[in-house]
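Following this line, the structures themselves.
Shared between the two complexes below is chain A, which pairs with chain B and chain C, respectively.
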Partner chain A sequence: MRNVAIIGCGQAKHGRRTDVNQAELVAEAVWAAVEDAGIAPEDIEAYAVGNMQGFGGIAQPDLVFADYIGAAGKPMQRVATGGTVGGSVAHLGYYEVASGMYDVVLAVSWEKHSDSAEPGATTGLLHVAYANLSYMMKVGMDMRSFAIMGLAGAAAGISAYQAAFYMARSGCGIEHFDMVAAKARRNAAKNKYAHLKWPNCTADDIAKTEMLIWPMRFGHVCPASDGASCVIYASEEAVKKLGVEKPVAWVKGVAAYADEEADQGEAYQGTAVVDYSDQTGAILSAMKAYERAGIKDPKKEIDVAEIYAPFPHQELMFSERLGFFDDGTAWKAVEEGVTEIDGDFPICPSGGVNATNAIGSSGMQRVVEAALQIMGKAEEHQVPKDVRNAVAHAWGGQVQFNTVMVLGDSPKR
Partner chain B sequence: MGLIKEKYEKTMQVEGEWNIGAYRYKAPEGYLDEFVKNFRDRKIIGTLCTGCGRVYVPPREICARCFQKITEKVEVSQYGEVLAFLVSPPLEKGKVVIAGIDAVQAGFLKEGEQIILAMVRFEGTSSSMVLPLLNAKPEDVRLGMRVKAVWAEECKGALSDLVGVEPAFDVRFK
Partner chain C sequence: MGVVRYEGLPFVARFRWNTGKIMEKFYGGFAERQILAAKCENCGYTVVPPRVICPKCSSKMNENNLVKLDGRGVVLSYTVVRKKLDGKGGFVTLDKPEVIAAVKLNGADSMIFAKIGDVDVEDIKSGMEVVPVWAEKPEGRLSDLLYFRPG
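Up next, the complex of A and B:
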């Protein structure tokens, strides 16, 4: 496998973007990345793209924007892995360069929620759940049960159970979720691309928001954003050939593992996942990515992490599964301020997915933000400590897909 | 891009509707029908994987851990434990809208009721089911509490026969 560097990053402004259509939104991130890399569009040899299928109301938006991003006449591939897709697109772009197939590859992922009436729900989630619901209706589910399902359905519903599981496992309280959400809003206020910004937000501010379904408050929930994120990969030879002089971020190891889906599976079959906060897929992905990156002790060798955590308990849970804290102890680190931008182990200094969630974009945005921290270009939310290694994580599917990418300031030897 | 940004502050919006018509969803024949049919006799029948000994409720056809076909059926206990739970606030109109239907307005859910949802593992099984927890106050619910199945007065062999679970007998030292 060849060494691969991220030579350019681009993000569209995330939020409610009624000023652009999907193609323009994607193009915004792409041209920002091309400009950042300081290369010409002709230098890009192949494109890896993807979003959460169906969420923006267009089933296959990649069909309409190839020419907006200069992909006409070049290879372009789309991946779809649900919420994890940004991470998977980032991996695909990396595979294409690491394998020796291409020297310069652009990877972009995006989401445009606001085009759908109930963001994402109608066109996105129903097409995932409709088959199961139809089947359950056939075997005699009544309307009351159907409505109860709606109380805690989809990713937010599964995550609410997961939060309860995590509380049982770690002994933390809702006040810790408040702290994590407040940190996300505060950090987002320093990030010009973020969606939900709340300067000086405190845990008390979050605690005052409405309880949607215990243990999840309104203040804990991520927004449905529009946005796009993009990185450009180059092989070690191409970095030299293109004359890239500014700092780049080197990909040191990637891994992605699937687990059994949590909750009822296809057509209401049971699964053997009885604790949603187990996240075996995240543990396996992290272990393999560290092995490939030559990281022996993630607690000491990783300097900053961007975790895919739309809900605050997930930042705690995943930071344990990814090996940054011992099982059930991350909330203590949050109490002590360890995960703040200026803490010993900053987590999601960008504000993370909890403050900005354009689903397809979110996984890629973690890679972008981790790379920016390594390059020292995160501006206001740059962590003050020296960043040698950073981790970008993505999560999705039916709670069971995970991707992990380890980035570093020097190529792997 | 420059031109687009200079010219427009907002994109043109065109309202659209999409009638997707009828779909045919395929599901394995029989296995869930049988599970639900047994509800008529107030029995919970799971499937047993002979490879790893896991018992699945709801039943599943293929064990994802062993990747083998499951054919054995076993009746499991009516008692179980709460693995995780959620508590809704008192329900109001306009709060639970699913695919454009207001569940309170339509009468599926009662105004003011507070719903407790529990993830229940029935004794002897290796999987869990989401069921409403009935006849309990939110403040009395705790993780690991023992619950038992609550059946409809008249069971017809439908998914709705299993109404939910309620706290099992509580024996304490006094």
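Up next, the complex of A and C:
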């Protein structure tokens, strides 16, 4: 595998984007990335694209925008791995360059939740749910009881069980979820692309919001955003050939592991084979990505991380699974301010998925934000410490896919 | 094994697509019996319906690139439809066959698909000139453009 760099990043403004259609939203991120990279559209040899299957009301959205992003007449592939998809698209683009197949590849992922007549992500989720949950009859489950248990709180309902598992294991309280959610909104206020901005938001502010489905409050829940995120990869040779002089972010290692079968409903009703908050796939992904990146001690060698955490307990859970804190201790680090933008181990300085969740975009946005921290281009939410290595994580599938990408300020030797 | 039908699910899942600003103008034009296209300032390619990125050279476009077409066009190719779905899994034969054609509008470089009416199917041919037939009271909807007829 040869060295690959991210030479350009682009994001659409995330939020409720009823001013654009899906193709226009994707194009916004793509052309921002092309401009950031300082290359010509002709330099791009292939495209990796993807979003949540069934979302936004278009079954095959990749078919509607090829000529909005300069992909007509070029290789273009779509990936669909549920919520993980942004991470998977990022990995596909990387594979295409690292393998030697192409020298310059563009990877973009997106979501357009507002193309829904129902609130939030409901329409998209239910189009997935119709097919996926009906299939649960294979394990003797009735979708109607799932609907009452889980969809009472929509996606929050799904993750509430995981949060409860995590609380029991780690000993953390709901107040720690309040702290993480407040940090997300404060950080988002410093990020011009973010959705839920709340300057100076405190844990007390979050604690005053309504309890939706225990232990999940309204203030813990991510928004349903519209948005698109994009990176452009170049091989080490192409970085030289294109004359890229601005700082780039080098991909040092990637890994993506599936967990044991863990459809949400199976976990609810007692047929799951795993602890819903165990996330072995995240541990395996992190260990393999660090090995490939030459990282021996992530606690010391990783400087900042962007974790896919739509709900606050997931930031705590995954930051342990990715090896940044010992099991069951992440909430103590949050209490001490370690994960703040100016802390010793900043997590989600962008505000993360908890403040901005255009699902397909979210995994890619973690890669974009990690790259911006390496390049020193994160502007108001740039962490003050030196950034040599950054981690971008994505999570999804049903609950069992994880992707991890380690980015660095220099190529691997 | 019979078919198990689910009832009583609390699910409603409807979509509502945003067209984007330039297509809002396009539909607005229909209310005036006008067809709008976008002309690229960089390469001159004119695309209908209009869009924000030139499909030819990828230049950015916006409402300022809109141009009015005169509506006249030429049939590039066509097909004659003789059956339609009956909504019950079968087909029915149409009393009167319908013609669907690829039409290149004057001033545009791209083409659209449209119904051709007021013509016997035996008389339709590629290269035939056509003009739009609009609804009596156009409302800014796609259905305002009823069909094209020879002219």
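The rule is simple: the second predicted complex is superposed on the first by the 372 of 413 C-alpha atoms of A that agree within 3 Å, B and C clash if a C-alpha of one lies under 4 Å from a C-alpha of the other, contacts with A are read in each partner's own complex, and residues count from 1 in each chain.
The definition used in the following text is that a residue touches a chain if its C-beta (ideal position, glycine included) is under 8 Å from a C-beta of that chain, and two chains touch if they have at least 3 such contacts.
Note that the structure is predicted; figures quoted are calculated from it, not measured.
Once the two complexes are laid over each other on the shared chain, residue contacts for A:114 go to chain C alone; chain B is not touched. By the document's definition of touching, both partners, chain B and chain C, reach A:126.
Touched residues of chain A, counted separately for chain B and chain C, are more numerous for B. By the touch criterion defined above, A:67 reaches chain C but does not reach chain B. Contacts of A:21 after superposition: both chain B and chain C are touched. Residue contacts after overlaying the shared chain place A:168 against chain B, while chain C stays out of touching range.
By the touch criterion stated above, A:275 is placed in contact with chain B alone, chain C being left untouched. By the document's definition of touching, of the two partners only chain B reaches A:214; chain C does not. The interface of chain A with chain B overlaps its interface with chain C at residues 18-21, 24, 27, 31, 118, 122, 126, 130, 134, 143-144, 147-148, 151. Against chain A, in their complex, chain B makes its touches with residues 1, 4-5, 8-11, 13, 23, 25, 27-28, 31-33, 36, 46, 54, 56-61, 63-65, 83-89, 96-99, 103, 106, 108-109, 115, 117, 119, 121, 125-130, 132, 138, 143-144, 156-161. Those residues of chain A that touch chain C in the shared complex are 17-24, 27, 31, 41, 56-57, 67-70, 72, 112, 114-118, 122-123, 126-127, 129-130, 134, 137, 143-144, 147-148, 151.
Of all residues in chain A, only 18-21, 24, 27-28, 31, 118, 121-122, 126, 130-131, 134-136, 139-153, 160-162, 164-165, 168, 210-216, 260, 263-276 touch chain B in the complex they form. Against chain A, in their complex, chain C makes its touches with residues 4, 6, 8-21, 23, 51-53, 55, 58, 60.
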